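Two complexes are shown next, each including chain A; its partner changes from chain B in the first to chain C in the second.
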Partner chain A sequence: MAITTSVHTQKDLLTHFQQLALQMLGSNGQQASRWATLRRAAIERLPAVRFPTRRDEDWKYTSVSAITNETWALGRAVPIAAEDLSRAFFDGLDALRIVFVNGIWQPELSTPLSEWPKGLTLQPLVEAVDRHGNEWVVQVLKQRLSHVNPFVTLNTALSQDGMLLQTAASACIDLPVHCVFIATEQDEPFVQAPQLFVDAHPNSKLTFIEHYLPQGTAAPRYFTCATTQVRVAANAEVHHYRLQREGAWGRQINYCAVTQARDSRYYSYATDLGGMLVRNNQDVILEASNTETFLNGVYLLGGEQHVDNQTFMDHAVPHCQSNELYKGIVMGKARGVFNGKVLVRPDAQKTNAFQQNSTLLLSPTAVMDAKPQLEIFADDVRCSHGATIGQLDENAIFYLRTRGLSEKEARKLLQFAFVAEVLDRMPDEPVRQAVCQLVQDKLDELS
Partner chain B sequence: MSDSMQTLEAHTRSEYKYGFTTDIETEVFPKGLNEDIIRRLSAKKEEPEWLLEFRLKAYRHWLTLKEPHWANVHYDPIDYQDIIYYASPKKKPKYNSLDEVDPELLRTFERLGIPLEEQKLLAGVAVDAVLDSVSVATTYKEKLAELGIIFCSFSEAVKEHPELVRKYLGTVVPYTDNFFAALNSAVFSDGSFVYIPKGVRCPMELSTYFRINAANTGQFERTLIVAEAGSYVSYLEGCTAPMRDENQLHAAVVELIAMDDAYIKYSTVQNWYPGDKDGKGGIYNFVTKRGLCAGKRSRISWTQVETGSAITWKYPSCILKGDDSIGEFYSVAVTNNRQQADTGTKMIHIGKNTRSTIVSKGISAGYSQNSYRGLVKIGKRATNAHNFSQCDSLLMGDKCGAHTFPYLEVENDTARVEHEATTSKIGEDQLFYLQQRGLSEEDAINMIVNGYCKEVFQELPMEFAAEAQKLLAISLEGSVG
Partner chain C sequence: MLTIKNLHVSVEDKEILRGINLQVNAGEVHAIMGPNGSGKSTLANVLAGREDYEVTQGEVIFNGQDLLDMEVDERAHAGVFMAFQYPVEIPGVSMATFLKSAINAMRVVRGQEELGPAQMLKFIRERLRMLGMDESVLRRSLNEGFSGGEKKRNEMLQMALLEPTLAILDETDSGLDIDALRIVADAVNKLRSPERAFIIVTHYQRLLNYIVPDYVHVLYDGRIVRSGGKELALELEARGYDWIKEEVAAG
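And now, the complex of A and B:
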């Protein structure tokens, strides 16, 4: 089924994507269903979308030519060895597993649905829409049709599998849900476009992990175009980990939208370690008062990596709190980008919003672009942001050396301590330890 | 209605205090812009061929440009063919003393608070007063000339010192820079020229009062300041404009060049007509200001207090090219009623050990929108560069907006860049404390706001600092949140 026409112009690429999507839709044979209608609408929109260039303000520091200049096939399901899978899971973490390989859900590798605890359900999106008539999913997918970010439309059109995770009202789910997205080597570069919908009903509590990685230590050629949608209902609490360890060749464009109802709490912990070109969009829209939001991020970049973190806090209602902390280390010829936007709408009085972005720039060829942005339309608010770009404190290194550490050890220790401020916020100990270990490994690799 | 709301109502109704026009016969060109107008303007000013060429090149380039709209401001489209590009007082006077100056003009200055007679006595201030487009009175010139300092109108400089003007004009802000810089380069009418020779410390503050006068006249000022090695100059620019309903465009260009060890301090108090309380009328202030720290250890410092104009769109910038050079930007931007301001700075670090400081204080009241937009760029070779930025916003009222758009671009691993921004309103506890000490609410607010702006005000020359405080009080009278 591979279409291997060479892609030169944007129009060609979009037509190519459209053909891929139509083939997939045809092969599923569900033309008449509601799900297929939504998919078809996205596919029809494809030729009209425009990929961003660096002339677009939101893409000022990130070029997507590494994606638009490539010819892409679709991901295919392939068997995967148990030892490859073990890399994806954390020691000592008892979790419910959802495994995707090349963008396709693998029920046999995932925790059997019969073993899921009471109060938590998992449905493929197509079932959620066609069998259970989930209006929220339908509404979100409809809204996404006109989304300003073209990769959101692309995700709807090209997605082979998506899952809906739902808690029952007042269900406190102790086990975290661990979603693994593994990419394997294929004959040609391919796209995987998984979708994840998380619906936390009132008074419930849920922890889930998104984990992106390649198979083994190879560097498969792939592009992850992922979306995540989270709805946190009244008085619900969601902890969202995102661990991005894409392969050295991997490209990822990821869009995560969160909506929060009254008294809800949403905590995100994003860690970016891998990928050649990565763009994360994290939008949080506050729909009712008295919510709490923490956005935490860590990025460690070396080689020629390019990682762009975009966050958007939309304070649309009064009495909400948000707190954002993104810290990272950029080495080699890597480029880090942070664009954090906080919007306080006219009625959002008593908003308390904080944002901090700090970066260590540790090589003469590394680049960091930071754009913290505040747009405030209400007066009785407390909003602040800070951004720093700098190096390690030479005095601190000297101190550690007087204590007998080698210079390399001293630097590594301080670098780790720099990002540990964010990692320490992770409440689930096995996850935190696993992420800390991966961060240490990456620091070893970079230094 | 609470007390504070009543005070707010009372004061936001206060009218612009510098709104009056001077009835002096003016010679005006017909509306519109084409090559003939530029040739006529150039001929009128008896300009050399190279300057006409410069203008025409700029005009031709301008025609290829589109008006930019990325700023966070909104206004009706400007009809560039509906603007008069040249107006001058008809009697072209040549004065030996102030007695010969048109008394009407003198009265204008007096109402503006610049008694020229007293200026001579006031130690340390020389005034180059620009009324519309032609300089009409210059004082202290002789005293400055003794030191080799040139301080004159731009047209005079073109005649008297063409080699200097030709050497530096457009070197910091080329006509290709942006839409409004190109327009200015094509049609600039007059402005100021300052040249400080090597090793000279200018003994007084150089000051220019700009004034837009004749109706429907866009004003296109051009300022060029060159400070040779080891010299120092402090330059003040202040403006008030008469009240009128039509929107007036002001697209000025300011270029500063500092050689080795030179220090240029450029201060602005801008209080042009902001429009009435419904946002009708007011000046569009679209300015390109840029300083080049060309020499080693050179320093350029911008201080601005922006209270006027319906729309302010300016980014006084520093290109830190020389090693160890310093750029500074201190700004208070106040918006009230329907004013819009999108202002900030760019610090471009190119040389080694360059340092920059940005302190921006925004105050928004009424229905106004106030944005800080700044770029700090540390180039690949700018080793040991250091920047500190602080952008604070104060909101007075629940219908206004405050926005910050900082851009930090760092390409060198020895750079230290710090940016912080806060947005808040005046604390109830602070107000309460001052009021229980016997201050009225109004005085308490004035005190808090002045304290908030102090970091910037203390960078202003003393005479200016006093004026700035007064302006601030007038602009914000009663805007209690």
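And now, the complex of A and C:
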């Protein structure tokens, strides 16, 4: 009878989510607008959503019962002291700040719009749609209505705030945009569903950081259901950092979709340190030739953490390069998942696709599931993939110890070195240093 | 400084060292020579603390302490250094990070203050200059992609920075051309001092053309079968090891 119970619970949960979403929409008082119509369409779809089970191939290693078994409220805007923000920002990093608290944009904590540089604009999504008639945003939200990933629909229905970041054509933005998503403790577990749209116009250059963390060192009960949409226009370049430091209780499922036009470059640097249950979906669709894509990932897991990285590189056109490198360390009873799919369609001749996933498994109870998945339908391509799971080299530990390092120091140094290959790819020095420090702190905590 | 008494060591139940006795005093340079498989590297590795070896009998006293009872890093802290025959390549750990970690780890246990970044760089630069090495080495990963000569030179740099009281060179000359050999010898000679002793494990006499030992010991079949001065090395060079083997066989 277990199945009946779970179906019943899911239906209840979806009805509950639908009610929450309708309340929110009603309170906005904009039922007639285009934005509200799109939202309403997503909300109406909610009852038809089916949450994945482990029988679904893409969710084979990750159960979402930690989400479907809870009852969730919506995030509320709560005041947060400026000093609570200090953990969220990096020493020496001059950046444009966008702050969300519990899924709600906080303009007073963010860089005032008057101080934004020429060539870069920030708009709430509702304004982008209703005031500026942004057809790209509308089109993406429409496509998401029938998205195969139910959490994308959930995000559209439940999102309280979303922002659109746009570069002007040929604008080279020197300051990175630092988007901080802070969660605080509420009476009940809550959902935050921020949306971020990034539109890099032709020949422009932009760096942005998504940074998820709880307030203080508490472990608030929340679920981040986030989506990010990135469009990299012709000859544009985007550097996308994602630093996930969710609290010990926190759950996160995010979906990031990137489309790349001719001659564009997209680089992602994902670091997963926190969270109890985390699922990252990263899709990159190559729409025109001569693009370059680097997907870099680091994960450090201990305790009973579960972090699942799903990547999808869609090579639809010829002459594109993609390079994926995900490395991580799994300890305790934690479980890591990497499922990297590379699709090379029949027209995508001269594709150059590389993928590597390497994991150090440092306890007998830690688990790693690595599943590289190459599907190649073109015949003149260079594709390679590799997955390794290993331990630390005892010879190296001995060597370091003969130089006076304790066994613990030696192990930590080698662990850091293992992921440093990925961290070294981060071009923004203050960001790289901040992430390196957080990685060191996590290694200290785990050792 | 170092007293080895009746040391017996086995690897996977095979006895490799069968009763080694050796006394090394401060300021002395001892060369340990012998044919392949005689147990030379085993002796060096047991002194450094490698775990694959089982000591079945005997003792090793280093400055009054039971060396065999000490952890690998404790031996380093006490002043034992081994230059590896095959230094380990460690990708991702930069030379700069590694040297700083090692030097400061050593300083902390010796009750000295950690060196700040500026003092550290000054100290490392000074030793690089002493060994005629280029500073660019600090940006490379530890031993990764180093040539054989570069690796051995790097071992000498670490020795110069960690300032051990007992340095053991495990076949540091193997695979080196004459220029690299000179560099290694030059480093040892610069670091020779009345407070410091060296054990130089080598198969060939040629290194001893540049590092003049006080004593030469011939290790064969797990025992020191002959000891003498530097002239013993020359005799081995001229006559090979067969006459030693024959003498041992004859009892």
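Going forward, the second predicted complex is superposed on the first by the 439 of 447 C-alpha atoms of A that agree within 3 Å, B and C clash if a C-alpha of one lies under 4 Å from a C-alpha of the other, contacts with A are read in each partner's own complex, and residues count from 1 in each chain.
By our rule, a contact is a pair of C-beta atoms (placed from the backbone, for glycine too) under 8 Å apart; a residue touches a chain by one contact, two chains touch by 3 or more.
This structure is a prediction, so every number in the text was calculated from the model and none was measured.
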item: Contacts of A:T37 with chain B and chain C, given as first, second, both or neither; value: neither
item: Comparison of chain B and chain C by chain A residues contacted; value: B
item: First, second, both or neither for A:S170, with chain B first and chain C second; value: neither
item: Partner chain in contact with A:E407 - chain B first, chain C second, else both or neither; value: second
item: Chain B versus chain C as contact partner of A:T53, first or second or both or neither; value: neither
item: First (chain B), second (chain C), both or neither touched by A:Q440; value: neither
item: First, second, both or neither for A:Q143, with chain B first and chain C second; value: neither
item: Which of chain B and chain C A:N69 touches, first, second, both or neither; value: neither
item: First (chain B), second (chain C), both or neither touched by A:A396; value: second
item: In the complex with chain C, residue positions of chain A that touch it; value: 393, 395-396, 398-407, 409, 413-414, 416-418, 420-421
item: Contact footprint of chain B on chain A as seen in their complex; value: 57, 344, 346, 349, 361-364, 366-391
item: Chain C to chain A touching residues, read off their complex; value: 48-51, 71-73, 75-77, 81-82, 84, 87-88, 90-93, 97-98, 101-102, 105-106, 109, 141, 158, 162
item: Touch list for chain B against partner chain A, complex; value: 70, 380, 393, 395-425, 481
